[in-house]
Amino acid sequence: MVALLEGPVFPDARAAFFAAAPDPLDLAGAPAVDLSVRIGSLTLHTPLMPASGCFGPELGALIPVAELGATVTKTVFGSARGGNPVHRLTEIPAGMVNSVGIPSHGPVGYLATLHPRYAALDAPTVISVGGHRTSEYAPVVAALGEHGAAYELNVSCPNLDRDGTDIGSDPAAIREVVAAVRLVTDKPIIVKLPVLVASIAACARAAEEAGADAVCVANSIPAMPLDALTRRPILGNVIGGLSGPSIKPIVLRLVWLASRAVQIPVIACGGVGSVDDALDYFSVGASAVQVGTASFGRPFVAVEIARGLRQRCLDAGVGSIRELLELDAPR
Amino acid sequence: MVALLEGPVFPDARAAFFAAAPDPLDLAGAPAVDLSVRIGSLTLHTPLMPASGCFGPELGALIPVAELGATVTKTVFGSARGGNPVHRLTEIPAGMVNSVGIPSHGPVGYLATLHPRYAALDAPTVISVGGHRTSEYAPVVAALGEHGAAYELNVSCPNLDRDGTDIGSDPAAIREVVAAVRLVTDKPIIVKLPVLVASIAACARAAEEAGADAVCVANSIPAMPLDALTRRPILGNVIGGLSGPSIKPIVLRLVWLASRAVQIPVIACGGVGSVDDALDYFSVGASAVQVGTASFGRPFVAVEIARGLRQRCLDAGVGSIRELLELDAPR
Amino acid sequence: MVSVRPRSAVPRPQPVWDDAEVLVHEPVGERYRRLVLACDTIARTAQAGQFLMITVPPSGGDTILLPRPMAIHRRRPATPARPATAHGPATAATPGTVELIYGTVGRGTRALAAVPVGGNLQLTGPLGRGFEFPAATRTALLIGRGVGVCGVMGAAEDAAAAGIRTTMVLSGRNPQQLLGRTDCAELGVTVLEATDHDGSSDLAALKTRLLTEFDGTTPGRTPPDVVMVCGAGVLARLAAELGADWGVTVQASLEAHMACGLGYCHGCAAPVSTDPSVEGPLVCADGPVFDAVLPVV
Amino acid sequence: MVSVRPRSAVPRPQPVWDDAEVLVHEPVGERYRRLVLACDTIARTAQAGQFLMITVPPSGGDTILLPRPMAIHRRRPATPARPATAHGPATAATPGTVELIYGTVGRGTRALAAVPVGGNLQLTGPLGRGFEFPAATRTALLIGRGVGVCGVMGAAEDAAAAGIRTTMVLSGRNPQQLLGRTDCAELGVTVLEATDHDGSSDLAALKTRLLTEFDGTTPGRTPPDVVMVCGAGVLARLAAELGADWGVTVQASLEAHMACGLGYCHGCAAPVSTDPSVEGPLVCADGPVFDAVLPVV
């Protein structure tokens, strides 16, 4: 890997956006807006973070990362993986489908190349960890040592010890993964659940009972985009993950069910691209949201949502999102 | 129930459409196009049929039903059910969400009221059968006696004997349902699988091994539409099934996986609204398609697709959809 | 409480699907749009209070999947060409048309608003069970609010044809937005305006006004023989109260989210069943017009 | 085979995001459209062969999620206002602009085509590692096909500024559709046209022609010091063959489906890795310009 950003910084075009961050002094007299959220021992000052795979330290020079609650890395696996053949992604109406396949340099490679660049950003780093057996997660977390502020366990990975169905579709497998990781770290554990499960409530409860500090609901939905003309699969891997606006109504239900099933915070992920999308998820029980697909076209969208949430609270004269939702909700 | 259509028929506005049916005499000299498909002992002359819940005998007066391969009834349950509270459906971008809740008069009520009207139509009737326990399906099929040309088992129903997860998400439960129904009928059995399953291949194989003649892939996807202004659930049941164009890329993958997993025909169902949608499904292995949501706005769409498939074969000078796809597919 | 009206002696017309040309499509005030569609069969057969399912064509990149239910505001059957006679000059044949008025509220009606004059709209109709005057009706009170006026205007047409003396309450937010004034004038219907603007649409105020208007003592002020209502649910209740007071039949047109409009999708069941194993009546097939009575306490 | 070019001594500019005004947006022939965007920083800093990620605004009901990668065809840095002098009249300041040319192929570029002059486009750039002339380059052969011409035009600009004698093959379906003639004339680049129309774009024909053109014996016909190519994959192979024949460096610009353009989404890895545990280079960050060599047999 060559380092991407070598040159001088020309901040002119970005000055206005960076400057737009609300000046704390302006708020004198206004109610104290508290958007902070606790994930285990970690407190995020705002409930906005990027979705795994949809953020990189390269963005540190383009957006005010300090205005995010955390950053989230692309999933790190135990061994080196090259990822999937081309094409690895495509856009379809109201969504994109990706089959990047999670190339990874393993935890050692990650710590050597990417982590220092994450650590240099002004937000806690959530390291996403993957595995193809329930036994593969804990060693990666252990190898990451004390790096990262929290771990997000991506269990939307085929379980090679069983029939290749996702680890996250099986509550027992989730339990095994989380229990093993709990033994090697005291840091917050987030379990990121897949969509294609018989019972999201059972999966979320398995994560909670095994010691997770939060669940993230959900990952992209497996899909198979075809070329309109040739009818051939567009993706080199044939199947990819559908993300973006079209999955939101599906994920809303999962977040609602999960947040009724567990006491730990539920982080919503799926099709968030606006303040209203975020508020929709908060209204069905989410404590925080992740932004994926929307940030490719609008790299600043998560920061904008964080600012927008604060502004809506200020405008409404309330101090928290919960109060805002109560106001919003007509009787 | 009052009978809906009491009055005289005014066929003028429909004459042109009915007349558009290709005249067999016109085809002299053209290759014989054979679109027929076998589902167990039943042969459909064309691979087009409506999706359960999206057709009624009322349409017999509006569209040339004889041009469909079959009709499919709304799901019949063993006991009377009133269905869900309002609203029962809504439209969202690229899809609709319904929580009708499958009101049913039970098999006896169905045979007394609806079945005679289906039987009067010029296409075989596939009766959709549902249940909330694996033991509930066979008695309904038995009660239907010799009526109907085939049975479609809707296993996207919460299993009240277990934790309320869908019967169709559990291969063992699918096996129980199909084996029990197989004992009470010799007619073709189609098993209609849900989307939210860990392994569609395992579910399809369970159906095949227990004696099903076809699988239908898939049902609508559970979702939770919120009112844009109030952020309250739109549906009386909070959760409904998402159907229409936005689920097609998700269902394409399921059809592809299912048709590689079993030898019996796979009937595709999800977002079909055009000849190309149908061909996309055929190209990933489907043998027939069902049309649901698209037919509300365009009641004649399934007939149009059936005609369009035949026309494409004629235009290409081939005799079957398989040959058409081979032509279409560039090397 | 609404209940399904007893089966009528008059058969209902068979719905057809049609590809109807848009003859007029224009704004009506600030909030509404008028559509005049050429559809002979429907113009000839539709009964008062019936509706259409309109398939909204895609607009921009937005595809509308479900057809939208719309009341048939006016029916104008085709007239044949007539040669000049001693009584008047020659007239050309006119096509049969129906007129709709709708408000743009969401994606579907916004896309509908983009359909050009000269374009075509696919539709199914006439649908549902409409209003029907009880035998020997001589006077009628119709109540419509907002676009609900369109739901009852067909009854005003029938009343005019049958010589039934009719009063119509036109209710709405403000005087500028009231629909139906010209139609009522054309049909010889007495209009009572009721607006939020001056408080006259307030339910209690309206009730008092109607009880005075039809006080039963002053000649020409006897209560109507039937009340027909379409609009907000609270108006149906008001009508039911008046009907109970006056001892006359009340017919109310309901709305529901619909997919098929024909009676098979079960999307539109009215929420009136108390037994969970029994479904409420279907607004599209058993209604949209129901008998409205006060719930028994 | 392509490989990542060795790290350059020249630092790459920091990408910025910008909200650039659309100054020109017009058809170019039948298939393409030209966009001129006001973006000072990018016009000043972009290197030859770099690209932008353009966020396509929603058009009609259609929202485009992923930004679209587009080569920077021309860079025109801002010029300050100049007072009249003995040498000439006063000139107004001009803003820094970049010019893009694109073909409308799918949803994204169709929606892009709807952006009006005077509107704004959000974009990130300049991105990627572009073309770089090896030290002491005196002559260069550039090859572009279709919109691929835009990928190499920046190198022609650099060559013109550095006094490098340049020939450019403009390849395309037919003479009317060839892009870049005016640019080449302005930059003093010798043009060789090659079209499918008359068969001159045929790979074998083109190769023979280029080998003759640069036969190494006739004076002024010595092989170029570097070959730079952008367009179809087969052209990169042709260029690599020529480079091998002539013993000179070949740089090829590749395309890939992209989401971020910055190097973190891994959507754009080139399919050149043979070891499944090793990822191919990222077209957006390690390229789009790579060294192209013939595979070792």
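Here are a few things to note about the model shown:
The chains carry the letters A, B, C and D, assigned in the order they are written, with residues numbered from 1 in each.
Operating definition for what follows: a contact is a pair of C-beta atoms (placed from the backbone, for glycine too) under 8 Å apart; a residue touches a chain by one contact, two chains touch by 3 or more.
Remember, predicted model here, so these are calculated numbers, not experimental data.
When every chain is reduced to the mean of its CA atoms, the largest separation from chain B belongs to D.
With centres set at the average Cα position, the gap from chain B to chain D is 51 Å. With centres defined as mean CA coordinates, chain C is found 35 Å away from chain B. Residues of chain C in contact with two or more other chains: 61-62.
Shared contact sites, meaning residues of chain A that touch two or more other chains, fall at 93-95, 245. Shown here, the protein chains touch around one cycle, each chain meeting exactly two partners. All chain pairs that count as touching, in label order, are A-B, A-D, B-C, C-D. The part of chain B that touches chain C in the complex is made up of residues 2, 4-14, 17, 53-59, 61-62, 74, 79-83, 85-91, 93-96, 98, 100, 103, 236, 244-245, 293-294, 296-300.
Across the complex, chain A is touched by residues 92-95, 97, 163-166, 169-170, 195-199, 202, 221-226, 228, 230-232, 238-239, 242, 245-246, 249-250, 252-253, 256, 276, 279-280, 283-284, 325, 328-330 of chain B. For chain C in complex with chain D, the residues that touch the partner chain are 59-62. Those residues of chain C that touch chain B in the complex are listed here as 4, 7, 11-19, 39-41, 45, 55-56, 62-67, 107-108, 122, 124, 256-260, 262-271, 273, 275-280, 285-286.
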